[in-house]
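Common to both upcoming complexes is chain A, partnered first by chain B, then by chain C.
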Partner chain A sequence: MLAQFLQFLYSGMTVGSAYALAALGFTIIYNTSGVINFAQGEFIMLGGMFAALLAGGGMPLPLAIAIAVVATGLVGLVMEKAVIEPAQNAHVVTLIIITIGASLTLRGLVQIFLGKATHSLPPFSGDKPIEFLGASLLPQSLWVLGVTLAVVGALAWFFGRTLLGKAMLATSHNKLAAQLVGINTRVVLLLSFGLSALLGALGGILVAPITYTSYDAGIMLGLKGFVAAVLGGLGGGVGAVAGGLILGIIEAMTAGYISSSYKDAVPFVVILVILFFMPRGLFGAKISERV
Partner chain B sequence: MLSNIFKKTIIFASIALAAATASAAEPIKIGSVLSVSGPAAFLGDPELKTLQLYVEKINAAGGVLGRKLELVHYDDGSDAGKANSFTKRLIESDKVNILIGGTTTGATMAMAPLVERASLPFISLAGAVVIIDPVKKWVFKTPHTDRMAAEKVFEDMKKRGITKVGLLSETSGFGASGRKETQHVAGKYGITLVADETYGPKDTDITAQLTRIKNTPGVQAVFVFGLGQGPAVVTKNYGQLGMTSVPLYQSHGVASDEYLKLSGKAAEGVRLPTPALLIANALPANDVQKAVVTGYDKTYRERYKAEPSTFGGYALDALNLSVDAIKRAGSTDGEKVRAALEGTKGFVGTTGVFNMSPTNHMGLDLSAFRMVEVKNGDWQLLK
Partner chain C sequence: MKMMQSRHAGLLVLAVVLALLPLVLPNSFYVDVAIKIALNAIVVIGLNLLMGYTGQISLGHAGFVGMGAYGSAALTTHFNWPPMLALLAGAAATGLLAFALARPILKLKGHTLAMATLGLGIIISIVINNEAQWTGGPDGMSVPSFTLFGLTIAGEMAWYAVAAVLLLITTWLALNLIDSPVGRALQAIHGSEVAARVSGVDTTRFKVRVFVLSAVMASIAGSVNAHYVGFLTPGIAGFFPSIELVTMVVVGGMASVFGSIVGAALLTVLPQLLQTFEGWEVVVFGMILMATMIFLPKGLVPSIAQRLRARAVKGA
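This part shows the complex of A and B:
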């Protein structure tokens, strides 16, 4: 009984931490611009694809990962420069639609130039399952969880302790005021895209040994990551991670205890219920409008 | 004056003659609607490449009935609605002699009513049984059905004395249809499906479903019906949960080297039904299909520097069956070609040996599938 419960829990945590990493990327861009970047899933896919292709071509794994992360970060910067910046005075909804267009473009380019095949990446520390109380867990799942937590810590430090991080936060609170105190909000927006692309790539690489990757791997991860981010309140790192893990665990428990046919439906019902009673998400800040 | 009339006659005669030769050399038009882009692109892409390659080869060898073949192709983008409108175009403005295509069952079913009305011979490249059952006068197909795959697997299970099976199927069209057919034929082989779980095509962890199957009392084997990366995830999770003592069966949906590459060591001992093409080189020399499949394998690799897929094989069989029927009919007259197609007997293709009849527009039997087992990271033919 316990073993079965633990197995469902591990399954949920593995999937959930992938959602959490995707959710983190959404929150960073949302925090600096109010834009939901629907190309976030594509960043995840790009990271995984680049790393898998480079490693598959015989490059040592650490080098392949480093190049994949940097390359995806550059894609994020180019995307901001090329499509977001020229339209930066447009309404937020327009920008969101632009990101959807960018995601379709990225997916199409990858499909044409990197092919439609599914690729795998070797796990970082073997694929021998770890047995614990009768349930088994892949070492790669621990990598995903560990790195996710480390990233949350690093982001908390970045936004709370560094001048640049504070500048990004300030921009999100009030763009005009931030400009008046001398913050270059244009650079801040550029950096937020670069940073979330980096994070997305990292997530994509970490989960690739478990989930495989292909040109369309970003659609589902992006969607679930968005749901996790909303669930967590689109605020900070803790909310995103909690949202991701909750989503993953509900899915696994539904598949395990109720029926695998309802696996994708139950989490969405739960989210509707949560958002109905807590419209700002589980960890969303309360907003008081000044009159 | 007289010389003038004479001149005119000569001109008229030569024009008439030119027109006559032109009509004799007019190409035979082969229409095709395939899903070369969109979600079904992994099926449509090798299909189109195969058609282009072999139309070129047949023309280089002198064509058919002294006429060249001309491929008129449209990409439906994996959209059944577009498949329907392109078919209309092929019938009405391109006036093709025969139609190949319908990569997916959805596209095929959207095309079928049009060809029936236009009396155009049509060979589909899609899997489901509904295409040929009930028989439609003008519709044929080359791929095996999912029902045959389930039967082949159950045949092997019966040999091993397995009667209680856990079914795990994908929620995609392929998996859902496979699930239905599996449930349909299980009783015929004395097999009880003790578990019935599903997973999404993009699911990244399927341990929860597998744990449920593992804890089902009496389960002797697991049968997975899916396509692409999902079955590879299942295979890896299977290893993770230490379920290797329970035999794992996959469907023909994973019959490609990509599956081996993705699932790695966890795939050892997995059994599945596959067309002969996958194991072209491992076939015994006296196998009827040996020459056909090794020939296709070699030709495709030389041209595209890639592994040929069984899907491309479906297209090749459709093209060769058409050519064969046109030759036997001695013309491109629709009804004559259709009758010749229906009369196909003992035609050896990459998918199997075709024996069509007025009641069977696919013409394959279970011998078209070979049972293989994964051993040392490669396919091994089971006797």
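This part shows the complex of A and C:
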């Protein structure tokens, strides 16, 4: 009984970490620009695909991962420069639609140049399950959880201790005030896309050994990352990570105890119910809108 | 007075175009495309009432199309309902669902509204995928032909006539709605919801009505499409079709009824043209979406109309 519960919990926390990394990407871009980046899922897919193809071509795994993360980060930078910056003062709906366009374009290009096949990445340290409290845990799950924790720590340091991080934080609080104290908010916006793309790629690479990856792997991961981010209130890192983990665990429990065919619907039902009763998400700050 | 004239002129032009189109379309392939354009345009006009006139985005409208389509298919196949009754029942069920959810959903704004509508659409498509005993699941299901008073609509031309008449009625209704006090209230909501409320517009009630209306229009178009094509797969209710509908609205032009028709026409024809370049249709779709939003954020028809008007002023 307990072993089964733990089994579901482990798998929920593993997927939940992937959602958390995606949610962090959504949150960072949202905070610096007010944009919901629907291409976040494609960053996840790009990371997984690049790493899988490079590693499949015989490159050592650590090098393949590093190149995949950097390459995806570059894609994020290019995307911001090419389509977000030219439309900077546009309406939120307009910006949402632009990111949807970017997402379709990226997915289509991957389908054309890298093919429709499913790819896999070897697990980072073997695939011998570890027995823990009576349930088995894949070594890759530990990697996912560990790296997510490390990323959260690194982000806390970055936003709390570095000048650049503080500049990004300042921009998210008040763009005009940030500009007045000499922060180049344009660069901040650019970097937020790069950083989100890096995080997305990392998430995609971490789960690729468990879930496989293909050109369309980013759609669901991205949408669920968005759910996790809204669940967490789109405010800070803690909310995003909590949102991701909660979502992953609820999903795994539903799949385990209720119905596995409806597990993909669960995040969306959860977010609808929560938005109906708490329009700002679980951890969202209460702010009144100025007219 | 001037407004009314231009409204009727536009409707007349549309009627003439729709009547003459079959004469110039060379074969049934083109007629088929024209029918698809008309049915898409009906959904897009409804969605544009919501997006363009009240400023509320919906990333889940294909879910309503799916409800209408599968409602018709399931009721006629499993319960032998007459198609017309099934269509009305599907529309009523969709309208009821939209009405029940409209208040909590439309309280949300910006990204949370996008999230909620997107979630609703995805839930509907997952239900269609999973309830295989009624919908055939991922394999899809066939739909009987449409009969009314013993007459069966068969053949491309008959379906074209049905789709064209429906499109004309929809356009006429939408134009009338926009020019009515309701329409002005809706535009006030788009301008500033608070200002509208301050000047006495019951914003919630209007938003709810438009949401329900657009859902019902999507459902009816879905039902008609189901009988026309004769076979349904769950893909029609998915996330991508919802995005396509939004694209048609923004490319044609927000807050423009004729823009909706132009948007539906362009983006229905485009995939057919690109069919031979596998994969590229998605890329081109995405690029058109981005380019329109960056260079013509108001969409094709309003931007062109603005330029023509500017030129007319200069000429005079």
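FYI, the second predicted complex is superposed on the first by the 282 of 291 C-alpha atoms of A that agree within 3 Å, B and C clash if a C-alpha of one lies under 4 Å from a C-alpha of the other, contacts with A are read in each partner's own complex, and residues count from 1 in each chain.
To be clear about the criterion, a residue touches a chain if its C-beta (ideal position, glycine included) is under 8 Å from a C-beta of that chain, and two chains touch if they have at least 3 such contacts.
Since this is a predicted model, take the numbers as computed values, not measurements.
> Return the chain, chain B or chain C, that is in touch with more residues of chain A.
For chain A, the partner with the higher number of touched residues is C.
> Report for A:175: first if it touches chain B alone, second if chain C alone, otherwise both or neither.
The answer is neither, since A:175 touches no partner chain.
> Quick check for you: in the superposed arrangement, does A:166 touch first (chain B), second (chain C), both or neither?
neither
> Per the contact definition in the header, classify A:255: touching chain B only (first), chain C only (second), both, or neither.
Touch status of A:255: first partner only.
> Using the superposition on chain A described above, determine whether A:264 touches chain B (first), chain C (second), both, or neither.
After superposition on chain A, A:264 lies in contact with both partners, chain B and chain C.
> I'd like to know which partner A:104 touches here: chain B for first, chain C for second, both or neither.
In the superposition, A:104 contacts chain C only.
> Would you mind listing the overlap between the chain B footprint and the chain C footprint on chain A?
Common interface on chain A, chain B vs chain C: 111, 219, 261, 264.
> In their complex, what parts of chain C are in touch with chain A?
51, 55, 57, 104-105, 107-108, 110-112, 114-116, 118-120, 122-123, 126-127, 130, 192, 194-195, 239, 243, 246-247, 250, 278-283, 285-290, 293-294, 297
> Can you name the residues of chain B that touch chain A in the complex?
Within the complex, chain B touches chain A at residues 39, 41-42, 45, 171, 197-200, 202, 204-205, 207-209, 211-212, 215, 228-229, 232-233, 236, 239-242, 258, 261-262, 264-265.
> Using the touch definition up top, name the residues of chain A that touch chain B in the complex.
Result: residues 4, 7-8, 10-12, 14-15, 18, 111, 116-118, 120, 127, 129, 136-138, 207, 210-212, 214, 216-217, 219-220, 252-253, 255-256, 260-261, 263-264 of chain A touch chain B.
> Could you pull out which chain A residues touch chain C in their complex?
Touch residues, chain A against chain C: 30, 36, 83, 86-87, 90-98, 100-109, 111-112, 219, 223, 226-227, 230, 234, 261-262, 264-265, 267-269, 271-272, 275-276, 279-281, 291.
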